[in-house]
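To start, the structure itself, in structure tokens.
Read from first to last, the chains carry the letters A, B and C; within each, the first residue is number 1.
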Amino acid sequence: MKTLADLKKIREKAQEEMKLRGGNTRIKIVVGMGTSGIAMGAREVMKTFLEEIANRNLTDVLVTQTGEKGLSSLEPVVDIIEEGKPKVTYGNMTPEKVKKVVVEHIVNGRIVSDYVVATGN
Amino acid sequence: MSLKRIDLLICCGSGCVSAGALKVKEQFHNVLKTKGLTNEINIIETGCMGPCDYGPVIVIYPEGVFYKKVTPDDVEEIVNEHFLKGRPVKRLMLQDEEDKTFLTQKEIPFYQKQVKVALANCGYIDPESIEEYIATGGYEALGTVLTTLTPQQTIDIIKKSGLRGRGGGGFPTYLKWQMVHDNPVEEKYFICNGDEGDPGAFMDRSLLEGDPHRVLEGMMIAAYATGAQNGYFYIRAEYPLAIKRIKMAIEKAKETGLLGKNIFGSEFSFEAEVRTGAGAFVCGEETALIQSIEGQRGNPTPKPPYPAVQGLYKKPTVVNNVETLGNIATIILKGADWFASMGTETSKGTKVFALTGDIRNTGLVEVPMGITLRELIFDVGGGMIGDHKFKAVQLGGPSGGCLTTQHLDVPIDYESLKERGAMMGSGGVIVMNEEKCMVNVAKFFMDFCVDESCGKCSPCKIGLKQMLEILKRIDSGYGKEGDIEELQHLGETISKISLCGLGQTAPNPVLSTIRYFRDEYEAHIRDKSCANKVCPDLMHFEIDKDKCIGCSLCARKCPVSCISGSREEKYTINQLSCIKCGTCMDVCPVKAISKIPGMHPEVKAMREAEELQKQNQEE
Amino acid sequence: MIKEICQKYAPRKDNLIQILHEIQDQDPQHYISPEAVDTVAEYLDIPVNHIYGVLTFYTMYSTKPRGKNIIRLCESPPCYIKGSDNMLRKLKVLLGINIGETTKDGLFTLEFTSCLGVCGNAPVMMINDDVYGDLTEEKVEEIIERIRGRR
């Protein structure tokens, strides 16, 4: 390393690795991981999100989880939270649906209305 | 490549490690592996998070959930509930007296009045990862200084910030730098003083363990400003983890090209290495420290010549404390004005304090200068343990002084503490409740200083010993009229004429306790009574015959067989043989034995008779 | 072996303290023998008495053989306030030795140390390089028993 620009490169890469601790995230994906969510396959949904996002190298997306949301019949449930926009909730998610949500919603900003079960808070 | 969804931060500062953090970490590794979650969760070892009392502590991001006193047995539940189901485990969260539960680290009152500058990354990043340090803006200050500022401009920024040495004396940092900068000698050295000897102070250890790159960067900036080509970290051998971490930081910085020749493409080249102490408190004194690095006994040398003129290997040398260096990079990045906006007229910025003793939240805190003792002890520190009352606080370790309730609203800065007979020292805050005997505390500190005196100059070697003898005399019931005045006279003289800081400040605990607790000294001397029942000769044990059930347990357990009696007559203590070990009180099943203040009349009479006999013999 | 340790360092006097540390750490009895002193004196070309001066100045060096495990109980005020003297009593009973002594089986040496800087978890002790905090008499017993057990 010889310049401040070199340092900046290292910094940006490292910040990426640390983004869970509060960096710049554009979109937060929250998977409902209550007992019923897990029973309905939330683990697979979560894993698929993690893989898809990693594969696409999306650096500003955070995947996290929450507890039971009381929407048992719609499990697995996923919230997509984007700064300045109403929250979008997808229900009855499967790994296949996750792939589509990532491509359409996360990458291109187009909500996949077929899977939406609620919007807003 | 895998994307992680949880950062699990495990505090691996020495406090939490001593409480079992490594076993918790191991258990997390095991459980995550069994459950196939290793790809989703990062386990990060951080430096000290501060609230050592609650150790082992962990923080889970992205939510920032804070768990205290985690044991390996809790791990499975955390993984099952929190990691898999998103339900944080309430019973491991911090609760206050009103049963309010705190979910995240930010909500906890302990953290709320704190402003973290030097400790900004402690407990937040992995100290063994240079990348994580860089992610928080690390080494940018160094790059900026080397590529855009002259050494003098760098010194000017530190001057404007008002930064003063955090190790004790509070000498303006820029002044030391300026003196070495102005010295025309080519070969110069920079030393980071990590010989944190003050009992009750552990901020330097925590900073070296928790964010070693920050200290290294601070040293490099300072070395550039002063013209030093070589740096030494002198760290006491009692801190093996700090030594390991700073060595690792130096290696990583070398690999990354941040340490060595022509750093950031500039003319500046720098090498750093670690030297360890071997158990000598006096080596915290800068001239003694230099002797020790040179491979000698750590005896202080007279000043002048100051190290800035003739230091290590007789060359101009700056000696800066760890915490002082921990502030440098942030001052450069955020500006001198930002730093100077915190604190008081004469003391700028923040200071790290180590809270210990009878206080609820022991641990490490960083607060703006000028905060009052009340805020520090009762708000940040959570007040006293149990129903106890605050009695006194010893600030600045064995070189500092005791302050009392009347000082609770004093703003903490270098000058206001000094005025009242205490000192900032390195920032150790030992809080004491009403059960402590101040004569005993003063004796304890004096004992420490006598032990640690290097023996080179007479005032310290002989004078302190003399003070200790008087204190021992008072403490064991042989105190005489005039002892207090003699202690004061000796103390003031020793302060004035000792060679180094150790001797100059060693009388402080005695002088300040006399100043604020003179009545306790007087009661010890005149009434032969320790009101707090701490000094063994000035209290006694008594068996309450109404409560005693005559079980004989005390008599059987007494190591000197000084308790006698029977089931009918109950038991009594032979006061003349009692050694005050307290075993009888511990074993009594009905709590019939208690401590009573004051020397027992029989013992008093015996001692008076002995005294008389001695006088007669002399005549 | 001592010679090998010396040779890791440049033959300069200022490496003395580091060399002595390493010799002591490597010695199974955690001390610095007269032979070791002679070897170091020769290697660094300094008088033997200078080395003894250094050895006696710093409390962490020992010129007497010590036990396999060195227990260092912190004797500073924060630990004292939190009851370190009870731990000392317990250790003395458990080990049957006083401060500065070594058990007959050569397993433990009991020493005091100055502040270990783990005051938030007082009282504390260090056994070799491991620090044990929040001590109680029960915990002390458990730790000692565990070390005895893995002998």
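Keep in mind that, in the parts below, a contact is a pair of C-beta atoms (placed from the backbone, for glycine too) under 8 Å apart; a residue touches a chain by one contact, two chains touch by 3 or more.
Worth saying up front: this structure is predicted, and the values here are computed from it rather than measured.
With respect to chain C, maximal separation of chain centres occurs for A (centres as means of Cα atoms).
Between B-C and A-B, more contacting C-beta pairs join the chains of B-C. Put simply, the C-alpha centre of chain A and that of chain C have 53 angstrom between them. Chain C has its Cα centroid 22 Å from the Cα centroid of chain B. Chain centres here are Cα averages; for chain A and chain B they lie 44 Å apart. Counting partner chains per residue, chain B shows two or more touched chains at no residue at all.
Partner chain B is touched in their complex by these residues of chain C: 12-18, 20-21, 50, 53-54, 57-61, 76-78, 80-82, 113-122, 124, 126, 129, 131-134.
Chain A makes touch with chain B in their complex at residues 1-4, 7, 10-11, 13-15, 17-18, 20-22, 28, 31-35, 37-38, 43, 46-47, 50-51, 53-55, 57, 62-68.
The touching residues of chain B, counted against chain A in their complex, run 1-7, 9, 39-40, 42, 61-64, 83-87, 124-125, 129, 131-132, 134-135, 137, 139-140, 143-144, 147, 256-258, 264-265.
Interface of chain B with chain C (complex): residues 14-15, 17-19, 51-53, 55, 196-202, 204-206, 237-240, 275-281, 292-299, 354-358, 362-364, 394, 428, 430, 432, 436, 441, 444-445, 448, 452, 454.
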